Each structure stands twice: as C-alpha cells, then as structure tokens.
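Notes follow once the structure below has been shown.
For clarity, chains are labelled A, B, C and D in written order, and residue numbers in each chain start from 1.
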Amino acid sequence: MRLEDHLRSRRAAGRKLLMPYLTGGVTATWVDHLRALADAGADAIEVGLPFSDPTLDGVTIQEATDAALARGATVRGILGDITGFTDDVPLVASTYYNLVVRDGPERFCAALRDAGISGLIVPDLPLDEAGEAADAAASVGVDLVLLASPATPQPRLAEIARRSRGFVYAVSLMGTTGERATVAESAATLASRIKGSTDRPVLVGFGISTPQQAVEAARSADGVIVGAAIMRRVLDGATPDDVGADLAKMRRALDQERDQP
Amino acid sequence: MRLEDHLRSRRAAGRKLLMPYLTGGVTATWVDHLRALADAGADAIEVGLPFSDPTLDGVTIQEATDAALARGATVRGILGDITGFTDDVPLVASTYYNLVVRDGPERFCAALRDAGISGLIVPDLPLDEAGEAADAAASVGVDLVLLASPATPQPRLAEIARRSRGFVYAVSLMGTTGERATVAESAATLASRIKGSTDRPVLVGFGISTPQQAVEAARSADGVIVGAAIMRRVLDGATPDDVGADLAKMRRALDQERDQP
Amino acid sequence: MGDPGRQGRFGNYGGGYVPESLVAACRQVEEAFREAWPDPGFQQSLARLLAVQVGRPTPLTPVRRLSAELGINLLLKREDLTHTGSHKINNVLGQALLARRMGKTHLIAETGAGQHGVATATAAALLGLAATVFMGQRDIERQALNVYRMRMLGAEVVPVETGSRTLKDATSQAMRHWVGATEHSYYCVGSVIGPHPYPWMVRTFQRVIGDEARGQCAAELSTAVPDYVVACVGGGSNAAGTFAGFVDTSARLVGVEAEGGAGAALGRVGVLHGARSLFLQDGDGQIVEAHSIAAGLDYPGVGPEHAHLRDLGRARYVTVTDDEATSALVRLARTEGIVAALESAHAVAWVIRAAGAGELPPGATVMLTLSGRGDKDVSTLKELA
Amino acid sequence: MGDPGRQGRFGNYGGGYVPESLVAACRQVEEAFREAWPDPGFQQSLARLLAVQVGRPTPLTPVRRLSAELGINLLLKREDLTHTGSHKINNVLGQALLARRMGKTHLIAETGAGQHGVATATAAALLGLAATVFMGQRDIERQALNVYRMRMLGAEVVPVETGSRTLKDATSQAMRHWVGATEHSYYCVGSVIGPHPYPWMVRTFQRVIGDEARGQCAAELSTAVPDYVVACVGGGSNAAGTFAGFVDTSARLVGVEAEGGAGAALGRVGVLHGARSLFLQDGDGQIVEAHSIAAGLDYPGVGPEHAHLRDLGRARYVTVTDDEATSALVRLARTEGIVAALESAHAVAWVIRAAGAGELPPGATVMLTLSGRGDKDVSTLKELA
C-alpha cells in the first residue's frame, strides 16, 4: 500500500496519526528501536539517513547524526538493515538532498523502494527544486513529501499541498528541529491553512516533545511527527522498551483525545 | 693655569700626554679614583657628567652613566665633590649638550670654573652649533674642546683646530666609545692631518685600551685619552689603587717610548 | 557571467536548495537586490562607501623584483589595501546597505579567516546595525586577532563546535540561526556560495575588483589585457569578482585552490548550503572536511558559477599546498614588501610554480588579485617558523 | 612651515647637534635631498610608489554617527588605509628612494610602535636594500606582531635593552650604529625629530597628507577649510605633514600628545637626538622616560618645528590619558567600523572631550588625521579587556 493511502485510511478510521523519527544507524541495535516504535502504535516511521551537514537540524539530531556517522552508518547499510522490516508500518526516509544527488534521484529512489521504504522527506529540497526528485520518486512509487512552513505564502502553500505526496509536512515554527517547551502558535495556524487547501493528510513536526504537546498540535492537523524528543532519549541510552513505552504514552494521549467528546 | 697652557708646557717637556676618563659619581668613592689617576701620572683628567642618553657612548660608558645616575649623581653634586681637588692636574668636564642647555651655557660654564674645572668636551656639539657655548666658556676661562673625526673634511678640520681650545680631540675611528682590539688605522691619519694644520695639542681618543695601543696612538699625536678601558675596571670593582696601577703602566709605556731612540 | 535568472542557475549549478522556511527570505533578498541594484541612489551610496570608507579604487601594482626573477610581468590587484584588509568588505557593504534598505536591523554572518566577519562587524557599526558572526572554534583559535577585532567593533562572535569546527560548520550554523530570525535579520553571506541570489549578488558586488583591474590593465599594459588572470578560490568571491571583469577577453582565467579544500579542482557534484555545485565528498556522499593552513580556503566546496566556468573550460582550477603557499608568502614579502594573506599567497604560489615549470611563457603578463593582507596570519606563520 | 635653511632652524629650535662623525653624513643627506626633491624624475618615482604601492590618495571619510553624537562635523584623513597601515610609509618611501639614489645599500631605522620599522622593512624589500631596525625590548614585547612582520620582510630587528627600552633608547642606539656605518648605510629617521635635515625632510615627505586633505576638504566642505585640524603627536610627523597643508589657512591646529609623553605640552627646552627642541626632563636636565599605552607616542620629546609652532601660538598642544585613548578607540570602532591605532585614538579622544566640554563649538568642522590602524594594538587592548 502507498504511504498516502495508508495514512488516509488510518485517518478515516478516526485516528490521529503519530509518526516518530529515528536516525538510521544511530546505535548497533537501532532496528530494535524501530520495531519498538512500530509496536507502540506508530502509523509510520521517519528514518533519518544521516548526512554530514544537517543544516536544518538542531543539536539533538545533529548529535544523533554524528553518532551514526561515527559508527560508519551509510545509506546502503541502513537500507540493508531495514529490508523486510514490516508491511504494517510504512517507513519514510528523510535526508538531505546531497545524498539523493550522489547516486542520482532515480537510483536513489529505486533503492528506497527496494528496501521497502514508501516515502521520502528532503528538508532542503523546496518545491521549486523538487521536480527531478518528484518524478524519480513517483516513477518507483515512493511518495515525495513536501514541507510547508509558517513563512510559506498562500498560493505557494496550495501548490505545495497539491504536489506533495504521502502527506504534507507542516513545519510548526521558524526554526530547526529540536525539543521546545511549548507548541508554537504558528503550528495551528499553518495546519489549518494547509487543511484548508487539501484533503491530503497533514502532519505537524518540529518541537513536539510531550504527549500533551502532541495532543495540542494534532488538534488542527491529522497528526504529529516526533523526532528530537525520541532521539534525546536514545542518545541518553534508552532501550527499545523505554522508547516504545514513551511512544505508547503519546499514542494513548492522542487516542484518549479522540475518545473524549 | 689654563688647560691649553698646561698641556702645551707638558708637551714642550717632551712628554706624551695621557688623559684618563672617569664618570663622575660612578661610585661613592669616585673622587679617590680621580686622585689615584692624578697620582699615577695623568696630565689631565676627563670627568664625565652623566647624562641619561649618552648617544655617542658604547656599552661600558653607558653602564657607568647608568650606575652614576642610579646613585643619584647630578652635575651639582659632582662639581661639589671635586671642588678644590688639585691644581696640578687639570680637570676637563665632558657631557652632552642637554646638560649645558639646562642652566644655559653661561651659568653652566661658570659653575665649571667655580669648581676648578678648566675644560669642557661636548661630543654632540659640533663646530656649527658651538658658538654660544664657546663664547660662554671663553668668557669664564674654560677651554671648549672641539672634536675632529676621520670623516671631517679638510677645510672644516682646519676650522675645528683653529676654534678648539685646550686641545683638539681626535676621534680615532668612526664609532662610539669603547674598548677595541686594535687602534684603528684612521687614528694616525687623522692625528697627522690635525697636526698639519695646528700646533695646538692633539689627543687621540676612542678605543685606546692597552699601554701598547696608547703608545701606538700617541706616535702621530701629542697624547691619548683613555676612557672605557678604565671604566670597565671600575665597574668590575677595581679599587683606586688598581686603577692607579693600570694608568701607571700606560704612563710608563708612553715615557719609555719617548726615552727610546 | 550574467544574470542567472529567477532560478539562479549557472548551467547545471546553483539554485536555491533551502528549507521551505528560508524560501521567502531568499526571495525577499532577491527582490530587494533586483530593485536596488539599478537604482542610482543605491549605486551612489555604495560607490561613495567604497570610495570614502574602503579606499577604492585599489591600486594595480606592477611587481618588479619578483617579475624579473620569474621572467614574467606580474601585476597585483591590491585588495589587501582595502579597509579591514581584504576584498570581503566590497560585498559586505553592498549587502549591508541592502539589509538596511529592507528594514533589517541585524546582520548574520559566517566567517572562516575572520575577514568576512570583521567586514560584517565593520559594516554593521558603520550603518548602525547589530551583527552576529558564526565562526568555527578551530578558526577562532587560529585567527584570534580577527575575533578580537570583531568584538571591539561590537559584534557578537558565536563559536561553532560542530563538525570540523571551521567555515563549513559556521555556515551551517548561520543558516540554522537565520531560519529562526528572518524577520529582523539579514544573512550576509561571505562568498559566492549559498542559495540564489547570493552567488550572483556577491559576484556582482565583487565585480568592482575585475572592472577596476580591467581598466587599470588597459592603462598599464601595451596589450591592454593580461595573458593570465589569477585569483585564489575558497568559496570563490574574489575570483568571481575578478573573472567577471575579464571573462569577455582573451585572458586565461585561473582559480587557485588549497590542495585540501579544492572543491572546483577535485570535487563532485552535490548540494550544500543551498546550492548545487562541486564539493569534496566521500563515496557515500558525505561532505569531507577541508584542510588548509588558510582559514579562508578551508571550505570543501566552491561557488556554483565556478563549477559552471570549469565545465565550460572558460576557467581552470588548480591546487597549491600549504608549504607552497607559505613559501610564496615569504618570497613576496622579501622581494616586494607585501605581506599577503595566506589565502592570497596561494595564487602567488601557483604563479611561481607555473613560471618555474614553463607553464607560463616567458614575458607573460599575469594579473593576480591579492585578496587580502597577512596581518591576521602572522601568528600562524610564527608558529611554523 | 618652509625651508629651515642650512642650519635647519625653526625659530629657536632644530639644528644639527650630532657627533662630528655624523656631520658629514647629515650634510650628505641634506645635499642629496636638496638635489633630489626638485628633480622631476625623483618626484615621479615617489609619486608612482605612493600611488601603486601605498594606495594614495587616501580617502577623507566623513564620520556620520560619531559626528551626530558629538554635534560636530568630523572628517578623518585615512592614513590607516595605506600599505603597512600607517602614515610612516609616506616618509620611508621618500627616504628609501633617496638612499638608493645616494648609492647606499642599507637602511637603519629606530621604531617604537613598529610601524616605522615595518614601513622601513617594506621599502627595503621593495627597493632591494638591507634593513636593520632598532627597537626597545619593551616595545618588542607589546608590538610582537610588527616584529614578526619586519622579520618576514627580511629585516633584522635588534632589541635595545638600555634605558626605558622604548623609542628613545632605540633612537639612541640607531644613531650609535649609524656612526660606525655611514659609508653604506642610510639612517631612515621615522619622525620629524633628529638632526637637520631630518625634521624638515620628513615633514616634506609627510606633507602629502596635508596637501591631499586640503584639497579633499575643499571638495567636501562648504567652508572649504575646516575649523580645526587635529593629529596625534609622538615625534610629530603625521601632525607636521598634516599641519603643513593647513598652516596658511584659518584652521586651528591641534596636536594631541599622550599625557605621559607630552614633549610639546609639558617639555622644556633641551637637546636630544640631534635637535634643540622640547623634552620632558627632570630638574637636573636628565631626560625623563615617557609612558604611554601607545608605543608610537612613548617618546619624551617632540620635533623642533612643533616647538616653534607652539611658541608662535600657531598650533596648540594638548594631552590625553591612556584611558581616554582606549575609550575613544572603542567608541570609534563601534560607531564607524574603524579600529584605529592607539596613537591615532589620542586625537579622537581629544575631539570627543573637547566636543563634550563645549570647547569645540556645535557644528564645528574638524579634520583629523587618523595616522594608522589598530591591528597592531589588538593584543594590548585584549589584555586590558
């Protein structure tokens, strides 16, 4: 099943979507973490393919990236690790455009597909530059997710929503990835604006750190992406079970919110 | 008796003139050194009035100057020390022009005369600038000694010889005061040139360090001035007797030279 | 070397590979620049600053003794004589005027050698703006003089501890900071790198080097145009500004990179800091850390227009070792009384090598942009001595 | 401010109080200068060096933000933008050309801040001469950057351990050395001090500052001539060169000395380093050690022409403390993006104080010679911070 179909059907079931992020290769047993996240109720998982110069990431994901690269993580290795991971929870690769360019978008996307990955996020690839990668992804059935930000003006926002595949990634605030004490006000505004122009799923990411924040951010969107909060725990030595338990709390918080009137 | 008359009469007696130099105030007992030099056969003694910036002196006399100033030596104090020193051995003050200008040449020369000093050497006062000081010195009967150097061209040399009083100071070489291993060739040439244009006594100074050198330098001149070689010994702790013994050796060497055919 | 259009393309290179959060900010810069540049008022303000603050025009100095030794005719375009001591100020004053015109109150900058940081701090002080300069910890150590100069000028210098702790990482950190500060802050990029419109805009501001040199060569040389035009290449701004003045002549254009930071000579196609260009990468596509004694050349990539000029064969890119650069610096100092920046000494080193190897024919005229002065490098060189 | 004649007299001051061994050498310099100066060939060579090597003319920069704060109209003559970073190079190139014309192969120089030493080393390298620079041990320590620059340029730097181990003692040592080396060596004096013809010759070579500034003021100011002309005074060369351009106008001339080195403001008549002038002395006529944070002002005397201008009442001499100078340096950096030399900052400090005290009337136009840039002082300032 295509990523977008999967998310639409989950949403149709009345569920708020939850997409955790994990840096590929961050520890020797990272696939166990991946499985724990899947088991704890993730609707999809974002797998970071570490790049030496993560210009849109804050300190936590920079640190995770450095750790993965120091361990010798490579795109090839990570894709090998996850081949045949599961069909139930789609994986979405996320990386910087240089790694896509390295082999060329076509070969890169084909490799993703071969490893069972169904989506791709490239934070430094805006709409205007996305044509080649979008074509390559589409031709192998991988969904290229585009990002929208609080600074995105209206007609452009609609175009992004139209051309994004899988879902639309709503960047909650003007800033880098990383935990924040509160959900930015801009998150709700942006999510509502996107939802006003597309029925594609809209996930809010950047700075979602706690179950409460997830609930709050999910109100005007279809779900949330949680990255740095998980990676902080992983870097601090959390086991797969620990990480699974954390995610399960978020899952429950989101589900309870739905079940309340 | 005027300095020049004294030197002329000594020369007339067939004697090579010997003029040691001593920095005024260099030690607490410097007047004892002065007396020892007089007793050891000096025909006159050059007394340095220490100046903070002795631009024509080499390291030894710089060091002696620094020592004297560090002891608090002043022109007034030094003149006080030597008042009534002796009538037999004339004293010649030597200093830089700034100390002359300080009180004005007239008061300065009068103070020299009152202390019993009969000559004055100012190494940074060339012929062209000497008018005021020469008049002031003459008016109180102090002989202003002018210096000639190997670089002095002919008509100027004659003028220096003519306007100098006391004697003509032949600077043996192009350089500062200080001991040298040999007497510069320029010394003999210069002395002969000066003697060719005046019958005033001609003393050679700068770098005369040993009895042999004194003998050699005195050959074409009327005598020698010995400065750094003595001051080196004083700075190294030589007693008045030590210094007297040294000068006596020079005296003997010069006298022997005369007595040889 | 013209207008790269709305997409900012130089052949296959350039573009605007920035997070969506910066797209609007980059557009705003482009609009402002497209509107300001043809405005006589803007041109006048800039020209006046370049004259009274920077000291332009800078001289073109015929180098007599070294030329004689090398058997060529070497002319130096003296960017070392500008205010703050390198060509960086030409660009910074242009951008700072633009920022003020846009109503921004803060300048953000990355710096390697510190020259761009000092220039930015200077322009900020002059125009009453605040300045925050990101600088790799390693560069902070080897360019301590410039760090203190920036602080004295009132700029905040932020140490960058990530990655190689040099220019590449400082650039990443400046971009991160800008994402959260676009409203009041203007990102003042220091070379012909970064997303559109920066490579084009920075080259346009630096073009004054090449235009002046072209005119001065016409007055100085019987051939009017030199046989070779040479400049060092870090990101490539002094070279781009220089080449722009000669690209339509018969002069051969040579960009000289540090052996350990040779994006144009040894890099592969990639995307970094907003542009598609040539970068040093490993087999997995990770950017490789550059290594050069010259902090300003310690960058693993090159501006997109240089990548394009290389593809076209219009410019050649060559490399020089640390040792060659330091020897050239000393030789120029001893023969001409000019202590050049280590960056600029790379260009001199190539000329010395090429003349020695007969690659430069005897009597060849060579116009070399001396991008900066070496005061900032004296402590580095002292440690070597 | 004309020709002081064969005796080199400025009123009661000047002259040639040198050992007989240097009389001929000084005469030779005077003859050579009197012969070279009117020679169009010499003028052309010098003008060309000043243009292509030094980067003259230097700009006259209207200072906007600080002027507004002070309620005056301040213009800076930018000698900090010259090659090697201070006005010293103007004089040195003139003397070095003269030395070469005289067939000399060596340059001797004294230096305080190191700027004159760097300039001399530079000129020597450029013209293929050897250079020996005397520098006080204390200055060697506080101006380490310049010491290394000189060595890189191929000059020999000789530490002077006597006396205050600063400029005064370096000057004495240079003179001692010259006595023994007149045949091949030319003594390149760094300020308007020393025996005739130096004060006159150095002022003549530095006059380019004042002449340029006069013309630039005429273009820049509605009044054509500024109300005040201000420069710092160590020995007094940048001030003398500046004043020479304005002495025949209505401008008030102000020389600013370091409080601890104020020969003109606080000195008494004396003779040092070959000239009759004003020097700091104790009651016994011993020269007093100067004390200034600015190595280039750390000299207990002043050039004879300044003593004369003071007597005439044509120029005024004022003093500024170390603290005032460092504050002025920082204030100028923060408001105008110019890091001035500590020496030059003294002149700025006086303007700030005088404007604050109402001594400069509101709206007064002030032309200030910024004699050099502050790179050399950054480590001194860093220690204070």
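As a convention for this text, a residue touches a chain if its C-beta (ideal position, glycine included) is under 8 Å from a C-beta of that chain, and two chains touch if they have at least 3 such contacts.
Heads up on the chains, UniProt names are C, D = Tryptophan synthase beta chain.
Predicted, not measured: the structure shown is a model, and the values here were computed from it.
> Which chains contact both chain B and chain D?
Common neighbours, chain B/chain D: none found.
> Which chains lie in contact with each of chain A and chain D?
Chains that touch both chain A and chain D, as defined above, are C.
> Name the chain whose C-alpha centroid is most distant from the C-alpha centroid of chain A.
B
> Taking each chain's centre as the mean of its CA atoms, how far is chain C from chain D in angstrom?
34
> Which whole number of Å gives the spacing of the CA centres of chain A and chain B?
The mean C-alpha positions of chain A and chain B differ by 97 Å.
> Express in whole angstrom the distance between the two chain centres, defined as the mean CA positions of chain B and chain C.
Result: the chain centres lie 67 Å from each other.
> Any chance you could list the residues of chain C touching two or more other chains?
none
> By the touch rule stated above, which residues of chain A touch at least two different other chains?
Within chain A, no residue contacts more than one other chain.
> Please categorise the chain-chain contact pattern as a line, ring, star, complete graph or other.
Shape of the chain contacts: a line, open at both ends.
> For this structure, enumerate the chain pairs that meet the touch criterion.
Those chain pairs satisfying the definition are A-C, B-D, C-D.
> Of all residues in chain C, which touch chain D in the complex?
On the chain C side, the touching residues are 51-53, 55, 58-62, 65, 78, 80-85, 121-126, 128, 145, 148-149, 152-154, 329-330, 333-339, 375, 378-379, 381-382.
> Could you list, by residue number, the parts of chain D that touch chain B in their complex?
7, 15-25, 162-163, 168-169, 172, 175-176, 179-180, 182, 269-274, 276, 279, 281, 284-287
> In their complex, what parts of chain A are in touch with chain C?
Against chain C, the touching part of chain A is residues 51-58, 62, 66, 69, 74-76, 96-99, 101-103, 123-129, 146-153, 156, 160, 171, 173-176.
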